[in-house]
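Before anything else, here is the set of structures, which you'll find just below.
One chain, chain A, links the two complexes that follow: it is found with chain B in the first and with chain C in the second.
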Partner chain A sequence: MSAMTETLEASAETVPMSRARARRTDMRSRGEPALWSLGGALAIGILMILGFLVLVLSNGIATFVPKPLRVVTQTDGKVTAGEPFRSEVFKPVPQDVAQLSPEWQEKIKAANGYVDRTLYRLGNFDIYGEDFRWVPEFLVAKVEQPKNLLFIERSEWGPFIGTVKTFKVDGVDQAFSGLDDAKFTQVHEQSRERAQAIRKVERSDIGKVNRALDDGRLALRKIELKDGKDSAAYRAADTRFAAQNVELQRQYQALTEQVQKLREANAKNTLTLVEVGGREKTIDFSGLVRAYAANDLSLGQKIGVYFSRWAEFLVDEPREANTEGGVFPAIFGTAAMTLLMVLVVAPFGVITALYLREYAQQGRLVSFVRISVNNLAGVPSIVYGVFGLGFFAYVVGGSIDSVFFPERLPNPTFGTGGLLWSALTLALLTVPVVIVATEEALAAVPRSMREGSLACGASKWQTIKYIVLPRAMPGVMTGIILAMARGAGEVAPLMLVGVVKLAPQLPVDGTFPFVHLERSFMHLGFHIFDVGFQSRNAEAGKPMVFVTTVLLIALVAIVNATAIVVRSRLKKRFAGSQF
Partner chain B sequence: MNMESAIAARLDSAYESTVYHLKAGGGGTVLEINDLCLWYGQTQALHHVQMTVEKGLVTALIGPSGCGKSTLLRCINRMNDLVDGLKIKGQIRLNNEDIYNRAADVIALRKRMGMVFQKPNPFPMSIYENVIYPLKVDGVRDKAFLEETCERALRSAALWNEVKDRLDQSALGMSGGQQQRLCIARAIAADPEVLLMDEPCSALDPIATAKIEDLINELAGQYTVVIVTHNMQQAARVSDNTAFMYLGRLIEYGDTEIIFQTPKSPKTQDYVTGRFG
Partner chain C sequence: MLKKLAGAVAAAGAFAAFGAYALDVDASLSEYKKQAGVSGSLNSVGSDTLNNVMALWQEGFGKEYPSVSISIEGKGSGTAPPALISGTSQFGPMSRTMSAGEIDDFEKKYGYKPTALRVAVDALAVYVNKDNPVKCLSLVQLDAIFSKNRKRGGKADVITWGQVGVTGELASKPISMYGRNSASGTYGYFKEVAMEGGDYKDSVKEQPGSSAVVQGIASDKGAIGYSGVGFKTADVRFVPVSARDDGKCFEPSSDNAYAGDYPITRFLYVYVNAKPGSKLEPLRGEFVKYLLSKQGQQAVIKDGFFPIPSAVASQDLKLVGLQ
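And now, the complex of A and B:
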């Protein structure tokens, strides 16, 4: 007993001491280490995103800036003219070093065997057979930036670096005095206009005739499938279409002649280019896209070239296996596909979520469905592509073809990849996002609102329509934004269900029925993959990869920004709410 | 056996002896609650409640927390239907119609009653749209009639002068007291046979509370009001009849003056004098 009292007394004495110590909360209990790791993780994330943006933006924005041209004379007499592309240090092989002058040997030894070299973009692929060349520092005898050297963008064979020797107008030689020569620019414009006219005739007029021919053939085939080849109807149609075909063939001939005439006129206007080594190349004026004296540009001219390149990139069609020209069809395809996807996924996802949250008896089955929906979001996207191809294109599309377009078989209409199937596949891919977001938004609508509406004599459906859905709309919009961002950036499944490297026609055009959901289309994401990794020369495609990436990011950012503005407008309606 | 269940057992044996001294309104009976029992799952929340509500009078339901007064109120317009695992026995008749009849149309039934909740719950729409909401869901499209109803309801709720210039603005921008009066306007817009109020002032400050109480006094006569309140002074001020409930049983029901001044049941006496609750 007395021992116990002693301990009590002893502890009573130590109490003030321990309290004094406890007044300083230690770092662990204040969560200091946790705070540091949380903040650190966020900082790393932000740094990575910033780094990515800086890399993409700096490369993408600088791509179209006209760069100076250099002419490098090598000690071995070789001459290289081109845009310096990038520099690096490398270790030359010892045999090469052994042949160098003693000073260079010393220098390289001092640098541990390393030396600088520069990669030049040469152009003139049709003459050289190569796009790029490394020039090591020790081979450089002289570097010049001649003012008369031109960077000439052509519609075929890529750029030409060199000078204009002469040009011919209507087969007559003219003296070349400079790029601003009035005659030169006038002939260039005329030729470009003629080239445009040729394209228009080939695309739209001849296209129309071809379509009419095709329609006639299909109509005949339809009658054949319906009534048989021996029927009177078939014979009558056959003679009718034969007469029509003769007329169409005549039109076709006339159009081809028209094109031929334009071509001949263009062939008379040529220009002879010469590269630094003295080799010549003669091209039509119509094949000249843009030419500028890279080392003799004022700031205004530089800006002009820069923006004219951006304009070409945004509104023109690609050329040179997509590595040059514009990406308009890809922008259009991406936007059309994303829009169509949203039109499908938004109602589908919202309706599903409404049933799951508002009507379904909450129990095991609903939990199971909910878990399955969440798991759908984790399925690899290529699997959706396979499903889309197998189910949408082959099963659904194949059935549509055999019922509605039997005369076109064996050529598939809907029975192959296309805009509609791509949009449906991506809708399937993104629907879990919309369902989950909508369900959460519905669950967050206060019970008091629902009760208030029900007490007013509203039915459950009226309550959902007038009170619950409007109130949940900002959350639903969030889901749709996420789905759009995911859908616009997705590439893998699209490669199976309708995206192509080069689509001859846009999915929306002036021919009936104006929106062609069965057509294959181009997509910015796939364009990046194609240009960057599938083209003849990956190095040449690199700048285009960056520019296209900038564009895709900008597109997604614009779409998201619009959706966010809409959402905040909706949210404002609920501002001031106490709940 | 703990004390509460002991009291419950004693009350059960004596439930027949609910004390009644009802003040008649002269307009007859609107609501008739017959032997109402209610269970939330296994828990019984109402025990054999038997009462009638007089037309044109204000009837207050008082009692300590958990006594079942809100549950009883929510039975009247079948808001309890939303609760899972609920079981009801007994009968409620609105103007002689059994509302728990299998053939009864719940939506039509709720249209005949208005309800005001504990917290103001205006909808996220304009003031005008809030007031005409019961008519809108009823399919009324006549604009002149809707505007007339809106004005009449807002005037009855003593809100017209404050909001007549901003009917098209969001109802969520109003003060708490204004919001609650808007909810009252909404509840009376469709001319309900009974107006149910579930602690309508518990989320309001004293000034807003006074306004609502004045409003209830004005509405009395025109409407039949059933009000649940925690506040005994409020019950004394606004009601004609008061029902005192305890542990799911109706202990005493009748003239408010008698309940608060000379209660017949000792339990009521204890409660109104503040000895428990």
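And now, the complex of A and C:
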């Protein structure tokens, strides 16, 4: 009996334990812990990506929304007008607190010594000498949002916050009634058009004359280098050049006069701005980019300002050392460089992979090459940059210069960073990706298909061309997509081989030979770095960093989406023809 | 150098009128006038401090000559001499003077010395976080904060804010130093002038750009760092600096810089490869003229630095045969 109770008790103890063990092994055998950790890892990954996207998008998309303006009168009589930028709590030093009114002292004490302050974006840098100002809450006497206060974007010196006092049309004073004043808008449009006309004449017409002069000078220098200064050929060319020079100078004079006339007309249309402190500033109408009464905007007007800012950002050139204006040259440069890179990397990568997989004798040497290619993918990108600069720009470019452009030396043509060298450097950087992806795709083509083709009497090359390669194409495309995404987002090596802060000329334009591979260019990735870390006022640059990041991400997404569409088309085409 | 600067300003003699804010260029600087037939491409490699001013000059010059393309690289003054010597750049903006070794290298290749043009005045500012109440720092104190070997004779290593007279919460906090990397001319200048050639402590956080220094200080309450006066944001403040421990403290303002009172005032330079006694060819010559013109110096103000007096401009234009 007692023995029975003992065993019963023992079994009563062991039953739940074994049941628990059974449950554990059960879970493990079903692979649940692995499943959960995989799911968890995925969730964390997605969360991080989403968090990043939300951060960038929310900051980037909100940047161009017109914000209200506030006028803060301080207890010490100072007046600050500006866009509230951000707020934070801080702990003022005890000496400052001691000078405050008893109510404020109490308030600060109650909040453990903390108090709010707000950062205002002031504008008017030419008058104040500062762009931002912190205003602690205890200094605020009065906050207003006057309806007539304007946010005026200028082409120079950044925004102006204040009001329009008067404006002049053809030198005659006019009374200012509001921004929708018919005369005001008309004069503004006229002046902007004239400014554009000036730009056009200066850019294309005067540019042409200058280029012709320069070409003449270079042609002369070329003859001098070839035949010497005393030769008959040089003397003939010299007289020809002199005659041509006179004609060009005449054209130049005529064009300058034309520009001068336009300038004078524009200089007669001015507007006088006045800031809250009463100090005035007179600017040309042509220097006025956009003005709006920030506290008196309807929803429609707000949307109008928002999109016109986006439009400016996408199609205009940068101003004021890249802190204002648009980023069109950077978008163009990024796209041009990436496309050129693909043109180089795709054939090279595919040919290499074809040889390695289809022709080369599989052995030690080939495995060694394969390992080397894989290792190349792990080399830091800046090393490629140094190689690109040293080999492409200095060695190859330097030789091209000394053979083809000796008349331009010592100014380098190809012997310095440029679009071509950047594309080649990035092609080197991304070629392992394409090789590996193509090899995998080739290996995945079934042996039976090759054998079938060969059995029908096709040669090896015919088999590759008509059977293997088409079926491997989607895989090859994947490799190219990855390479493009990597290439478009890469900045470090480009800083050495051709990306610059500001490139006034696009690498593709209307002058012969239309595509200028030697030109340095702008790049969105570098633009982000430049605005974020190298601009005069880091605070003012921050919003632009987010906007540019949004744009870069969008550009990469568009390029990738296009490639993915192409790939799925290819896949569909071959899915149908399989047996 | 300070005396030279003060002398030049006295010679120009027109600076008494400078207000606290609205800085203006010397009225006797010449207006830039456009010439015909200027076309081609220029490269500039060098200082990060001058990077934005270079970009503004490029923009302004590009407006006058749309067919001139100028590309600008600004990774530090140390990158200017090699690029100038190898001929990859025509302009070498630098925030310090070239060292004897760099000048020698240049001379070995060309047979003459490079020409330094003074293009702007910078009061090398010492920044702290905006909430830091420190009133003033002497050069000896700065040296004791940044330097390993305290060549200026500071008695003790300074590691907390309390040691330089800060009271309250910050007093016990360690000083966190921000500086530039060794390619930078600002790094070299601060080392030579403020630290008398001593070595930086290993704990100084080296930043890749002037703006990065200021951003670092903006987010670090116990921070101190040096950078060009043009890089100030609302999140940092200038610390007035005195030359001697018992001396008067001066803000890095234009007046103090011109008068030579602010002890770490410097010129910013653009180096060119110009044969002495000859005139620069039109392309480079016009750019140099532009830098030293009214418009060029407006850009200097726009970027937060101080313009040069016209006496300095005409001296430098003479150096390259343009006046």
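Here, the second predicted complex is superposed on the first by the 543 of 579 C-alpha atoms of A that agree within 3 Å, B and C clash if a C-alpha of one lies under 4 Å from a C-alpha of the other, contacts with A are read in each partner's own complex, and residues count from 1 in each chain.
The rule is short, and it goes like this: a residue touches a chain if its C-beta (ideal position, glycine included) is under 8 Å from a C-beta of that chain, and two chains touch if they have at least 3 such contacts.
Every value quoted in this text rests on a predicted model; they were computed, and no experiment measured them.
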First, second, both or neither for A:A455, with chain B first and chain C second: first
Which of chain B and chain C A:I467 touches, first, second, both or neither: first
First (chain B), second (chain C), both or neither touched by A:R221: neither
First, second, both or neither for A:R133, with chain B first and chain C second: second
Contacts of A:K107 with chain B and chain C, given as first, second, both or neither: neither
First, second, both or neither for A:R263, with chain B first and chain C second: neither
Contacts of A:N210 with chain B and chain C, given as first, second, both or neither: second
Residue contacts on chain A - larger count, chain B or chain C: C
Touching both chain C and chain B, counted on chain A across the two superposed complexes: none
Chain A-touching residues of chain B, taken from the complex the two chains share: 77, 79, 82, 107-108, 110-115, 117, 119-125, 133-134, 136-138, 170, 172-173, 176, 179, 183, 186-187, 190, 196
Chain A partner contacts - residues on chain C that touch it in the complex: 20-23, 34, 36-43, 48, 51-52, 55-56, 58-59, 62-63, 65-75, 87-88, 90, 130-131, 133, 168-169, 208-212, 214-215, 218, 230-235, 302-304
Of all residues in chain A, those that touch chain B in their complex: 446, 448-449, 451-459, 462, 466-467, 470-471, 573-579
Complex contact set, residues of chain A against chain C: 90-91, 93-95, 119, 125-134, 156-157, 202-203, 206-207, 209-211, 213-214, 217, 245, 248-249, 252-253, 256, 319-322, 410-412, 415-417, 495, 500-505, 519-520, 533-539, 541
